Structures are given as C-alpha cells and as structure tokens.
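You will see chain A twice below: alongside chain B first, and alongside chain C after that.
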Partner chain A sequence: MQHREHIAGIIFWGATALSAGVTLAVLGFMVILSLPIIKNDMILEVLTGPWSPDHGLFGILPMIVGTLCIALLSLVVSFPVSLGCSIFIEIIRPDKPGRFLKKFVKLMTAVPTVIYGFVGVFLLVPQVRGFVSHGSGMCILSASLMLGLVISPTMILFFSQSFARVPKTYLNAVDALGGTQFQKLIYLLLPQAWPGILTGIILAFGRAMGDTLIALMISGNSVVLPTSPLDSARTLTAHIAMIIAADFDSIEFKTIFVCGGILYLMTSFGIFLARFSAGKQN
Partner chain B sequence: MGKNVWDMLLGFFAWCCAILLVGSMILIIGFLILKGYKAISLELIFANTSPLEALLFKQQVFGGLFPAMVGTFFLILLSIGFALPLGLASGIFLAEYAPDSIKKIFSLCFDILAGVPSIVIGLFGFSITVLLHHSFNSQIFPCLLISALSLAFLVLPYIIKTTQVALESLPLLLRLTAPSLGATKLENIFLVLLPASISDITSGIVLAIGRCAEDTAVIMLTGVVAVAGIPKSIFSGFEALPFYIYYIASEYSDQFELMKGYGAAIILLLICAVLFGISHWVKEWLTAKTRFSY
Partner chain C sequence: MKKITVTKWVILIAIFMITAVICSASELDSFTGEKGVLRISGGTAHIPVMKEAARRIMIFNPDIQITIAGGGSGAGIKQVGEGLVNIGNSGRQATESEVSRYGLVMYKWAIDGVAAVVNPGNPVKKLSGKQLQDIFAGTILNWKALGGEDRGINIYTRDESSGTRAVFWKKALNKGIISGKANFIVSNGAMKSAITNDPYAIGYVSVGYIDKTVCPVRVDNVAPDLDTVKNGEYKVARGLYSNTRGDASGLAKKFIDYLLSPAGQGIAAEKGFIPVD
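Our next item is the complex of A and B:
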C-alpha cells in the first residue's frame, strides 16, 4: 500500500518535470539552432539589417518592426473598445445586457483565428482597398483591425474580472456618499483595478504578437520596412511560416530560429510583467 | 436625482463599444453564412462518393471535405491522447503534492509555455522531426504523429492549469473528510477529489479540444498538406479543416473552390461553437450534479 502511494507520487512528479522540460526544450532548440548565426558574428547584422537573400542580406529588422507595428496598432484599436465593453458589463448594465455581453465575449474566444483571417481576406481587405484607393488593401491597418477583434476578449474578460474584484463595501461607500457612476469609475475602480487592466493589456499584446494566421493572410507580407499603417508588412510569425519551405542548410532557414527565439523571449518577458502587475492587486 | 452629463457620456460610450463589438462579430459571422450557406450540402463533404461508403473508409473521397474532417478528428484524438495523461498528472502534482516554492517555479514555467506563440511550438516540432530524420531514421518526415505531438505541447498548459485550479478550489471540508476516515492520499485524490472536480476538468478538456481543432500555425509547420486523402498511418501527411480554409483563401483558382472554402469555414465554426457549447453545458450541468452529492 505504502509502496503504491510512493510510486504514484514519483509518477506525478515525473510528469510535471517532463511538462516543464518541454518549456525549456523549446527555448533550447531555438537557441541551439540559431547558434551558427550567433557564432559567425552575424547576429547583429541579422537583428538590424534588411532582408534580401539574393544580395546575401538576411536581416529580420523589417519583421521585428512589422510585428511591433501590427501588435501595437491592434492594441490601440482594441483597448478603448475593450475598456468600454468591460465598463458596460460591470458598471452600466450589470443586469441582463451585461451578462449577455459577457457570454458573447466568451463565445468569441471559441471562434478560430483562421475564420477571422478568411473573412478578413474577402470582406475587410476589399473595403480597405476601396477606401485607400491604391495598393492591394493588404496592409498593417487591415491586419490590426482584425487582430484587434481577436484580442479584445482577452482584455474585456481581464478588465471586468479586475473591476469585479474591487470590494463591494467600497462601491457601497461611493453610492452612500452620492457619487455618480462616472466618479465611481474615475476615483475608485480605475485606481483600484489598474494592475488588472495592465495585466490584460500585456497578455493581449502577447497574443497579438504571437498570432500567425491573420498577419500571414491579410498584412501583405512585404519585407520592406513599413512607413505608414497603409504599408504592407511581414511579422516574425508570418516570416517563419513562409521561410519554412527553404533549404534546411541555408542561412535563410537558420534565421527563422532567431525569429522563434525572439518571439519566445518577448512573450516570456510579457508573462513576467503580467505576473508582476497581477500580484499588485492582491 | 438627475443624471449628470458625465454619467450620460459614460453610458453612451459603453453602449457604443458594446454595440461595435457585437456588431462587428455579427458582420463577420453573417458575411460568412450569407455567402457560404449555399455551399453547405452532403456533396460538399462527400463529393460524389456515397456517404456510407466514405464513413466506413471503403472508398476514398476525392474533392470533398471529408478527408480534412477525418484528419482534424484524428489530430484531436491523438494530441488529446498525449496531452491528457501528462496534463492530469502534472495538475494533480501541482495541486496536491508540490510544496509552495516548487509550485511557483513550475506554474511560471507553464504560464510561459501557454504564452509561447503556436508557430514557435510548430517550429519546435519541425526541428524535432529534422533531428530524428538526421540521427535515427531518414524515413521520418513531418507527419500526423509529429503534428499531434506538437499540438499536445500547445494544449498541455491549459489542461494542467484547469486540473490544478479545479482541485485547489475544492472546499477544505471535502478535502479532509476521506483522510480523517483513514483513506490514503491516493485514494482521496482518485475517489473523492477528482470526481468532485470532474465538471471543471471536463469543460477545460473540451476547450482544449477546441484549440486542437482550430489551430493552424502548428500543423502548417509539422505535416499538414493540401491534398492527402484519409491518412493511412500516423506517419503520413494529412489534411485538416483550418489549413484547408487558409489554403483556399490564398490559392483558390475558381468560384467553385472558393465556395468550398466558405463551406469549410462554416463547418469549422460550427464544430468550435458546438465544442464551446458542450464545455459550457458540462460545467453548468455537472456542477449542479456534483454539488448535490456533497
């Protein structure tokens, strides 16, 4: 009997160590496979140069900039709407309409990203093309608008969760003093819930950065440094998806592990930040 | 008490945001359904083959969505098969065995894994394939097995987290009853704690199934192909619904193919909506049941 308990404990321990090992192995593979680039002192060139394999240039700077632009713009588009929606859920109509919206947002998380991409190609891109009247319509703006929709559930759910965590007695105190809803939001909820809001923003940014399909399908994938939201751009994720077909021994191919490593490190850094800010509210 | 201007503005802003969000989702889903509902038919799935023969794998389906649906189904089955035992065991360890300091390190690990972009997981799977190809057997190529394994890594942190949270949120009263009657730790876990949290765990697993069904980036790098038919073994290439949708959006050649893309998108959306519904229902229904029993 004692024996069985012991073995079970070891099995559970082993499983956890194995799962955690996967986390480290992913980083390990990215680093080891980009070693040829680091060893040849190409890393600086790769991180800051332009991409033109025909001329022997393998810089991924345009992709880094593209990733940041698309993720940032989608955050700018999505943040006000998400904040408004969570205010709607928690403050304006916590009754039926609010509950409906919350269920709706949860349902949104189940919609596959490839569907957003698909509708983006056939509905949003032609609209943007007509509006801008030049180019193909596949640009940073199109991708950011769609991506904004994809990341909004993450933000809305986090925001309303941290609003809901503000103690009820505080809310009653504001009501008892005759405070308006607006005052309640500005002087109580936002100051109390800002760590949760920050956490939501960071996680949403991580999602926006890590998304492949939307950028791949509707941002145009050009390798030139973008100068305006109407320019086409390529993200790190899309770059990986496009170069994977290249020859395994080529330098092109080795740079995608640098891309993978950068994505891994940026998202982990985001997790650290999110944990830190989430710890603040408790 | 009259409402002041700021309150009215706030209400107006919130209503606008809510309507904008719901409106754009309705626009997206509505566009898909309006454009694609005509494509939905048995022919879309089975083409010219008889459905019964296709379902019994007696006849290959050419030109229909059936191989892609079967591919997605096998993919889900395999990757959940890999991820479930590992995830459950890790979740149990974190909730019941691990001391606080170890728990912190491990759960940070799993949070990071949950945040890693799926394309990076796919790249990881791909490099494992290359490694195996070079060092073990040159017959190993990206295939169903590798895809399923990579997808398992993708959903692993979700399963761990759900299991851990479900176990940890059980009331202390329930947690102590069986041990005080002489049950061992293992008996307590398997006969009391797990059954009591089964609804939360199941609904988490169903959500993980949804992620397997929808993810495209991982399988794109690890073995999905546009035309493969029903996969012959776990070492062969396969088709999958989400990749098919992506493929059609970028490579379609005529209106007929495009309509098939719309059809596939609607079917995938339906599958994910049904899975979400099941997860929701399991949570509500099973929670009501298990709460009744203690």
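Our next item is the complex of A and C:
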C-alpha cells in the first residue's frame, strides 16, 4: 500500500516538474534565439527604438506600448461589467436568470476569437469611425472594446466562483444584523472574494496580452507610438504574426524572439505582482 | 458475369465520351493519370487565377489536390526556397540573392498593375504623382486639401512581405516614405474590403482586384486599367511570377504549363490581368 502511494507521489512530482520545466524551457528558448540580437549590442536599440526596417531601425517599443495600452484598456472596460455580471449571477438573482446568464457566459468562452474579430471589423469599426469622426476606426479603443468582450467570460466565471465560496453562515450573520444588500457586498463579499477576483483579473490580463487575432484584425497595426486611444497601434503578438509570415532569417525575424521574450516576462511580472499584493492582503 | 461485363463496357464508353468532350475543350490532357498534392503559396494578387486553374484541374482529375495559401510574395519565395511548398508565387521578381540562394526559377505568366484606390463615395478620384506621394508620406493629412470632405486621410498599406507594396513603393511612391501611422493589411483581398468599408481610406491593390466596391485613382491623368497598363501608359506595373526551386517538374511543371497555355492565359485575362505573349 505504502509502495503504491510512493509511486503515485513520484508520478505527480514528475508531472509538476515537467510542466514547470517546459514553461521555463520556453523562456530559455526565447533567450537563446534572441542571442544574435543581444550579442550585437542591439538589445537596447530594439527595446527602446522605433520600427522602420527600411531605415535599419528594428525597435519594438511601439509594440510593447501598444500591447500594454490595448490589454489595460480592455481590462478597464470589462472589469466593471464582469464584476456586475457575477454579482447578478451569484447574489442578486442566483435562481433562474442567474443560472441562465451563467450558462450563456460559459457558451461565450467557446466562441473562437476570430468570430469576435469579424464582428469587430464589420460592425464595431465603422461605428467607432462614425462616432469619433477621426481616423479609420481601426484603433486601440475598438480593439479594447472587442477584447474586453473576449476576456469577460474568464473574469465573470472566476468572480462568481469566488463569491460562491463565501461561507453561507457569514451571509446569514450579515442578514441577522440587519445589513443591506449593499453593505453585504462592500463589507463582506468583496473582501472575502478578493483573492479570487485578483486571480480572475490576472488570467484575463494574460489572455488580453496574449490574444493575437483581435488586435491583428481591428487595431490597425500601425508602427508608430500611439498617443491616444483613437490611434492605430500594433501589439507584440500581431507583430510576431505579421513578421513570421514574411520572413525566415532577416534581422526583422530575429527581433521577434525578443518580442516573444518580452511578452513572456510582462505576463510573468503581472502574475508576480498580483500574487505579491494578494499575499500581503492575507 | 456477362451482365457485369456489359455494365463495365457502358461505364467505360461513358467515361471515354465525357473525357473526349472535356478534352476537346481544354488543355487539361497532361493531367490525366496524375495524382498527388500540389502546394502553392505566396502572392495574394495571384490567388483568383490560382483558384480558378486549380478548380478546373481538380474537376478534370479529382486525384489531384491543389492547396493555395496567401502570405505575400516574400513568404512565397521563402517557402518555395525552403521546400515547404511546390510553387511560390510572387508579385515581384525574386532578388538576385534569393535566386542564387535557393536556385529559384521564375515563370512569368501575367502582367498586373498596382493602383491607388479610394472608397467609391470619395469625390477625390484624381491625384498628381506628387500628391499621392505626399499622402502616403503623411504630409497631406486631410481630404479637404484635395477637394474632398473635411476628414483625415486614413492610409492603408501592406506588410513588408507584399510584392504589391514593393512595386507600389518603388514605382508610384518613388521609394518615398510611407507614414508610420498607416494601417497595415495582410492581403489584396483584405485591402479591398478595408477600403470598401472606410469612406476616408486610401490604399492600393492589384488591378485585377478592382471592381465596383473600390474606385481606382487617376494618377497624373492616367486611369489604371487593363488598357493603360498594356500600352505602358500606366507605369506602376509588374509581372506575376510563379517560382519553383530548380526547374519546375512533375505536377508543378504541368500546372505552370497550364497557366501559360491559351486556357490558362484566358483565366488570367478573365480575372483582370494581362496575359503574356
């Protein structure tokens, strides 16, 4: 019996080590393939410069900024909506309407992003263009709105899960003290569910940064530093997708591994930051 | 036993008759008995012709499978060079380094113009060469300056892999700057739908792609169409090439021969390109 448990232990350890190892190996792979750039002392230039291959400039700063802007704005757009949605599902109407909404949200997770991309191109972009009467409508704002829709199911499901985990006895205690729904939400549910909410935000942010198609189809992909949400911008992922289609061994191609590495580090950094602050909270 | 033989004969005769009818009307003979997969990728201007040729060949002989992908001229050349596809299309000549590196052989089967296009609703339908360059460089920013509405000009350009971009940049923009604010589009088809959807857009597409959803711009009073490209009046033109690594062989050779046959050249003309003679 003990022997068998020992074997199970080894298997689980192995699985853990393997998945952690692969994750780290990906980072190693990115670094090794970026070596030509690092060795030629181009790394600073690549990280801080503009992108203009015709003039020998291979900076990816505009793409880094574009990625952050689109991902952050999409979080800003979808966080309040997702929070409201999950409160509706778990607290306000946990009966039929809530259950229906939850099923619907689960369905949304299964819709491929390219569909959202299509909807964005043909419905949202002309609306934005008409509404702001500036530019082509292919801009950070359009991409963020659409991306917000893509990442909201992740958040809604995580939020409502963590609301559901708040012990019933606590809720009853608030009711017994004569607390209102609003007080219950602010003083009990949100603090209790905070770690789960944070996890949902992190995952959604990661998804927003990693998404390629929405940005590629809607944000316009221009290569200058964006100065407003109505400017067209290119994300790191869209940049990688565009360069990899064109090339196999130019300098442009080598810089996309730097893009990959940066993307990896940015996501990891976000996760560490959130874990750290969550740890402090507890 | 006898019954089966009769049926067999009937089927055989029927097949002969059908093939005879098809053959008499086409140059597809050489594909008889062939089977296998032919992979094509690269230039997006080529796609309408590739699709039609592939459709006819695959109807004639269902044992042949032809796959067609885009990616742009640069991708086509690289992919055929690396052996990922059998035919790599390009809307520009392969550079010397590309040819020597991969041992590419180019087959030019049509001539195509690249035209600046605007939305059909745009009143600006004529530009000088200088104005066109200024628009793309980002020095003319508003349609009002050109007699249009008081709205910013939305520039659409193609990615670095595009042969259409290479030709337009070289011959229409005189290798001038393309504004960094330009939106990037990844194929001729996507360019056309972007221009169709944006009333304040300017971009450029292969002349073969022009239909009533986009409006070609007269540059220096020359309208970009088949006639002006043919007689050399409209200068922004290029050959459409299909490239193979080494001399074309097998299915790839037959496919390229078909493109160069009267039937293939007919398809090219039908899709809005100028056949080579």
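Some points to look at:
Everything below uses one rule, namely that the second predicted complex is superposed on the first by the 241 of 282 C-alpha atoms of A that agree within 3 Å, B and C clash if a C-alpha of one lies under 4 Å from a C-alpha of the other, contacts with A are read in each partner's own complex, and residues count from 1 in each chain.
One rule holds for everything that comes next: a contact is a pair of C-beta atoms (placed from the backbone, for glycine too) under 8 Å apart; a residue touches a chain by one contact, two chains touch by 3 or more.
Nothing here was measured: the structure is a model prediction, and the numbers come from that model.
When the two complexes are overlaid on their common chain A, residue A:F29 makes contact with chain B while staying clear of chain C.
Legend: residue contacts after superposition of the two complexes on their common chain; A:K39 is shown touching neither chain B nor chain C. Contacts of A:A110 after superposition: chain B is touched, whereas chain C is not reached.
In the superposition on chain A, A:K168 makes contact with neither chain B nor chain C. By the touch criterion stated above, A:H3 is placed in contact with neither chain B nor chain C. When both complexes are overlaid on chain A, the residue A:G135 reaches chain C alone and has no touch with chain B. In the superposition on chain A, the residues of chain A touched by chain B in one structure and by chain C in the other are 121-122, 216, 248.
Against chain B, in their complex, chain A makes its touches with residues 1, 4-5, 8-9, 11-16, 18-20, 22-26, 29-30, 33, 80-85, 87-88, 91-93, 97, 101, 104-108, 110-119, 121-123, 149, 152, 156, 178, 180-183, 185, 203, 206, 209-213, 216-217, 237, 240-241, 244, 248, 256-257, 260, 263-264, 267-268, 270-271, 275.
Here chain B touches chain A in the complex through residues 1, 3-4, 6-7, 9-11, 13-18, 20-22, 24-25, 27-28, 31-32, 35, 85-87, 89-90, 92-94, 96-98, 106, 108-113, 115-124, 126-128, 130, 153, 156-157, 160, 184-186, 207, 210, 213-214, 216-217, 220-221, 242, 245-246, 249-250, 261, 265, 268-269, 272-273, 275-276, going by the rule given at the top.
Those residues of chain C whose C-beta lies close enough to touch chain A in the complex are 71-72, 74-75, 78, 82, 151-152, 154, 156, 159-161, 180-186, 197-198, 200-201. Remark: chain A residues 50-53, 121-122, 125-126, 129, 133-138, 216, 220-224, 231-232, 234, 242-243, 245-248, 252 touch chain C in the complex.
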